[in-house]
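Chain lettering (A, B, C, D, E and F) follows the sequence in which the chains are written, and residue indices restart at 1 in each chain.
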Amino acid sequence: MIVKVKEPLASEYPLIKPKQILFTYFHFAASKELTHAMIESKATCIAYETVELADRSLPLLTPMSEVAGRMAIQVGAYFLGKPQGGKGKMPGGVPGVKPANVLILGGGVVGTQAARMAAGLGANVTIMDTNLARLRYLSDVMPANVHTQYSTSHAIQEHLPHVDLIVGAVLLHGIKAPHLIKKEDLRSMQPGTVLVDVAVDQGGCIETCHPTTHEDPVYEVDGILHYCVANMPGAVPQTSTMALTQATLPYVLLLANQGYQDACSNNEALNKGLTIYDGKLYHPGLAAAFSL
Amino acid sequence: MIVKVKEPLASEYPLIKPKQILFTYFHFAASKELTHAMIESKATCIAYETVELADRSLPLLTPMSEVAGRMAIQVGAYFLGKPQGGKGKMPGGVPGVKPANVLILGGGVVGTQAARMAAGLGANVTIMDTNLARLRYLSDVMPANVHTQYSTSHAIQEHLPHVDLIVGAVLLHGIKAPHLIKKEDLRSMQPGTVLVDVAVDQGGCIETCHPTTHEDPVYEVDGILHYCVANMPGAVPQTSTMALTQATLPYVLLLANQGYQDACSNNEALNKGLTIYDGKLYHPGLAAAFSL
Amino acid sequence: MIVKVKEPLASEYPLIKPKQILFTYFHFAASKELTHAMIESKATCIAYETVELADRSLPLLTPMSEVAGRMAIQVGAYFLGKPQGGKGKMPGGVPGVKPANVLILGGGVVGTQAARMAAGLGANVTIMDTNLARLRYLSDVMPANVHTQYSTSHAIQEHLPHVDLIVGAVLLHGIKAPHLIKKEDLRSMQPGTVLVDVAVDQGGCIETCHPTTHEDPVYEVDGILHYCVANMPGAVPQTSTMALTQATLPYVLLLANQGYQDACSNNEALNKGLTIYDGKLYHPGLAAAFSL
Amino acid sequence: MIVKVKEPLASEYPLIKPKQILFTYFHFAASKELTHAMIESKATCIAYETVELADRSLPLLTPMSEVAGRMAIQVGAYFLGKPQGGKGKMPGGVPGVKPANVLILGGGVVGTQAARMAAGLGANVTIMDTNLARLRYLSDVMPANVHTQYSTSHAIQEHLPHVDLIVGAVLLHGIKAPHLIKKEDLRSMQPGTVLVDVAVDQGGCIETCHPTTHEDPVYEVDGILHYCVANMPGAVPQTSTMALTQATLPYVLLLANQGYQDACSNNEALNKGLTIYDGKLYHPGLAAAFSL
Amino acid sequence: MIVKVKEPLASEYPLIKPKQILFTYFHFAASKELTHAMIESKATCIAYETVELADRSLPLLTPMSEVAGRMAIQVGAYFLGKPQGGKGKMPGGVPGVKPANVLILGGGVVGTQAARMAAGLGANVTIMDTNLARLRYLSDVMPANVHTQYSTSHAIQEHLPHVDLIVGAVLLHGIKAPHLIKKEDLRSMQPGTVLVDVAVDQGGCIETCHPTTHEDPVYEVDGILHYCVANMPGAVPQTSTMALTQATLPYVLLLANQGYQDACSNNEALNKGLTIYDGKLYHPGLAAAFSL
Amino acid sequence: MIVKVKEPLASEYPLIKPKQILFTYFHFAASKELTHAMIESKATCIAYETVELADRSLPLLTPMSEVAGRMAIQVGAYFLGKPQGGKGKMPGGVPGVKPANVLILGGGVVGTQAARMAAGLGANVTIMDTNLARLRYLSDVMPANVHTQYSTSHAIQEHLPHVDLIVGAVLLHGIKAPHLIKKEDLRSMQPGTVLVDVAVDQGGCIETCHPTTHEDPVYEVDGILHYCVANMPGAVPQTSTMALTQATLPYVLLLANQGYQDACSNNEALNKGLTIYDGKLYHPGLAAAFSL
């Protein structure tokens, strides 16, 4: 399985035949070229990332967010090591030595999984969100070393001088996440602090983050280590593939049993993913963006 | 039950008859008058507070320490209230609002019970001790929001500007506890911080603490609230009496069944409590102190 | 911040100017005088306590309920002390001594927070409600020493002879809570039992409760101690202010950015709080009550 | 594996040859016939049940106590069922229905394991012992629904009218356990209460208990159901065999590598199990008991 | 209380009078004779099992599912015993001995309660469902020894060679549950594995299951022990009666206060239970099934 | 801080002056050259690694073991990633996807810390030891997803085909640890399984392990990834330095206040670390080894 489709080379397009149904991640918005090629191929394109349930959750993105949220702490712990450029500190300290301070920005799927892992390693964890109802639920189910805090610019600033690891886990639906941490904020942090921005491929919520790869995952800005791999789940395919395919399976069965037209008519969530068919683009936002 | 014997008035001494066995808290070291009166009464005095097991634990002090340790947090939480003179903060905050910082000085019986209660109220708790083996055990059994830290003067100083409640729980065996917090340290704390010194009747581990009573439990020094009731367990007699009498019961049965001489001969722990009999003082330390 | 607005003196009314927007707690129903004064002032009055979300929750009351629920156990533990008039018992006992029995009437926001704190202190806790779905959720997320029980008059009666602390946490939406504990029930309890009625300012769920103040918080009826401070969160302003302002902030921004008319048009929850504007009362219930 | 040796028939004795080393459970004290036969066989008999470490623990009895303690709750839960003669109640109730009250007499290996299982099923558990140090440790490591209580006759009596399941887990070293529950106490309990006496083969701590078998495990006295299978671990051989053989393995290796004489000389614990060799009885207590 | 109505004998029908309101479990679909008799009796029949809330939950079946789910583990643990025909293994093992593997098919009410009990006994538990949102919630609230897994035929097969206890907890709304375990699958399991099919009276989710009784609860197929008592909650009437009557109470009060017509008009959930009145059958499915 | 002294170059020796007290890690046994140089320097050498308490614990090695045990899981999680050569699996899976299997060989300081971290990440953890008393304690204090198992060659073999991460945490006092996993065992494991041998610098307990460095930490043998950094704590100096210096502090004070002669006379533990003084080697084992 390819967890996230790389942008196809032009020479690959001929492989796509008319009437074929392509059901995968497309991220059309990021590539006009891909969009055009798919329209011309006359294939039917249903995009994982826009399949959406009635409660506005994205069932085919959630599993990847869970993986990425958990990984954020695993890589964060690793890169806090001195040889990797971090402070040289363990998330949980050891008995008699204070634990590290971990700050999670965002209490959604990514942030929740990250907070649980950080707590599991024994850190002193703060998870922030502006959704109080969500913070109340987290407060009911999280381990005792996870503290919930309403997110404001002021509250974030207060944490910076003491924090050891920050996970950016803000993903706003369809719009770019705000920069909760700006370039000038890096000066408030101690050298070797580690930032992991899970939402980096949607623009990220940390200004100084830009996408990196598993081959070269980190870089330093003003002494602060940035881990911003765009496709984090790609590193753990055994877990990611299971997580993703069991989420896509019901839709795949629907497509196989009913054909794409009936399947999309009968299933509102799937219908939201139907982007291109009959050589036309059926997605108002994209059409506008690409003037189609 | 009188949890801790008040210093008896001279007029009460005639009630004590020769050959009577008095098995209770005496705290002779604090009163030469009491010591003399008991010697003259020709009663046999076995002091709870010096009964000592082979592992140097004090089985008849431990239950009162457990009560006091747990109470320290209950009263600390109460006096953190603004109307009581505290900061006006809850130990556990609420969902979305950061919890208070609670610092426990000492990881023995008192400190352990205090830490558990503070954690139960949702606070961010640090428990300090210089005994690393003890911190390792606490780390095994305490809730996740209790962090263990090796106690040094420097480590304590670092906590002061952020701490909301400090519990003094240092009790050294037979010697006065050191002043871990000095008068000048109060300036590092925010006004309304609450100090509870459980060991105040052994001199306390906070310099500005002096014994108070349940009638008038707190006073302020430099904006910092001090709770220093000398006999904390006296406030919860239903709990304290059960806790104490089940600890004394085996010794009482021994005394009743064997007489004090055989009982003390046969039981080394009890023997250590035997202080006065036959009109003589049998305790080298006391004898020296009072030149007897 | 003033957590709850005191009834303004007549001489204060001139301070309110026409066109001013007052966004705060009003509790108009409790004061015809206040209502009239505000109508005449021509100010715009949006009442925190009637802002209501689509799921009928009250987002600007919830934070205060959380604070009060948690405080209920802190003050309950304190007043269980003998010097304060209670039984002289600790909520959690100590190792080897049975814990106290704590009964929480109501499994909503107040009761849930109270149950969690009581469990944290080691008590044997029962939380009652008639909403089985809620009890099932609590059963999923509460510590193991919280037992859920369907609330009936019979079930409550059975607890009374053994209970040490009762928290009244029943708040029915818009109507007076029933008296789950009546005056004659006090005879079934042991002297020194402590009652904390968090809903006392909506009439309370314990018949013998009437509002008290932080200055004089408790009184005794038939040997039973009543703690009924009407404005409990006022005692912990550092916690309460954070809790409240982060809940009001989004509405304040809305009002500031859009003006009250557009803000209330665009936000149904806020609109429910809009009570007085243009010198007129826009609230059917109040209008009827005051014949306006 | 035979978890516990049945008393051998006379006809089986010839199978035992001189010089053979028998390392197993013997329980000689219960059978003069067996003792004589073994002496005459000139075999070397090392009894599991008397191998004893320096701290007086019995390493080859502990695993069976662990199994029996855990099983006590499993069978207790089953026999609380109405069709089995119990009250018809579940240990943990269900959400909204109060849990059962489980009383564990004894905080040693058996009682600890029983308490943990009962807590796991959601019961309201009390564990009693007269060893306060042990209760303090249990209080540190047990789930929150296990309450520790100092054991006195009075304390036990208070529980009887409300208790649903009692586990007798008192095993005194080498002497018969006292009857903590007497025949007349059964009248204080509700019909269908279940008693499981794990120590029944050492005389038990419940007066009305006498050994039963897995074929016919329970009987009723005064409406109270008694489960008193003498060899409880025999029902779960996959678990028991692993538990026992990994405890005996180091001793077996010692015997195999060094011969019994050197093994017993070099290992004080094993030496305590050496009961018969060279046709003679080497155990003062047994010798006295059987006048040998 | 009769937890589940047995099929009435014809001779009992005369006891039912016209205009009587019968509010109980009927399970009409299973008996044409009962359906006819009730129609002819002219009684009003409201069936517990079809009362249904707006979220499609069945409020009068849920309590029985909770009881049955918890019981499934209690009986499973018992029948894992060798004398009962099981493997002779404890769910939680003991310290040093691996725990049993427990597989729960279905993450609804039954499966959740079963998983919690199995975890409480220390087993290594896997709970399977195809509803990922439900698995995510379970992952938030379940103990750490419960692992969630997406249910597929392949995933189930992989567990069979290692599993010790399987609980069938799949109940589909109104349709027969699929056979997740087929007869040929029994060969993949080890002899003495125990199957408990809680949904056996709706056809069960294990092919080889057929209803049994508390008198004769188990049978063996291909070495695998089957426990399939159709009315499990009947064994614990003290728990079941409380659980059921507190769920039916609000409806009973409605019927008593308003009469069945108004009650059913005003309460949509209750209305769904109204099956027969005025001598007519008001339930499309039943009518079709019985050609009425 | 230099956590572990590198073998000094000959040219560095002149820096060491007679009468100097060197109190640090030496690991003399590994270098005859170092031993000779120190003897000739006439310095006093007290070796951290041989300071030993009466209970045979090594107080100045324990903190480094704690750090290494916790790090073992952090690096194990990282190297399980596909880009790092591992299976591409997360220790805890995600909701709906099975967790990884983690096997910890050894239940001492290293193994205990490793097990706790692995459990915190949500893995299915087995911790093995041959000390049953230790396994019982771990069973009391570990999270529910840690299973204890008696260590035998057979038990280890059974885990290999299913295990994802193995931590070698066996350190025998003064003697080389046995090879619990041999080269041929690697064939039983799946490719990408990760081995972390924490005891590699004492010879390790995995045959194919040899020391690596933080610069080049892993290598592959037969498809199995080996992480064997000899000085793991060196990567987290902020944590390690605190952990180590608070353990050495009391000894440093003793040396400073009393001089090395009195300090070692008065403190038996410190005395065991005294290896070289007055130009002579005071350590029987070393003397024999180097024929001095």
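Convention: a residue touches a chain if its C-beta (ideal position, glycine included) is under 8 Å from a C-beta of that chain, and two chains touch if they have at least 3 such contacts.
Please read these numbers as outputs of a predicted model, since none were measured by experiment.
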Please tell me whether C-E or A-B has the greater number of C-beta pairs in contact. A-B
Based only on mean CA positions, could you tell me how far chain E sits from chain F in angstrom? 53
Using mean CA coordinates as chain centres, what's the chain A-chain C distance in Å? 40
Centroid spacing, where centroids are CA-atom means, of chain B and chain E in whole angstrom: 55
Where in chain C do residues touch at least two different other chains? 63, 66, 93, 95-98, 119, 122, 132, 136, 141, 150, 242, 246
Each pair of chains that touch: what are they? A-B, A-C, A-E, A-F, B-C, B-D, B-F, C-D, C-E, D-E, D-F, E-F
Can you check the complex and tell me which residues of chain C touch chain B? 63, 66-67, 70-71, 74-75, 77-78, 80-84, 87-98, 113, 116-117, 119-122, 214-215, 234-240, 242-243, 246
Would you pull the chain D residues touching chain B in the complex into a rising list? 130, 132, 136, 140-141, 150, 152
Considering the complex alone, what residue numbers of chain F touch chain E? 93, 95-99, 119, 122, 124, 126, 132, 135-136, 138-139, 143-145, 147-150
Per the touch rule, the chain E residues reaching chain C in their complex are 59, 62-63, 66, 141, 242, 246-247, 249-250
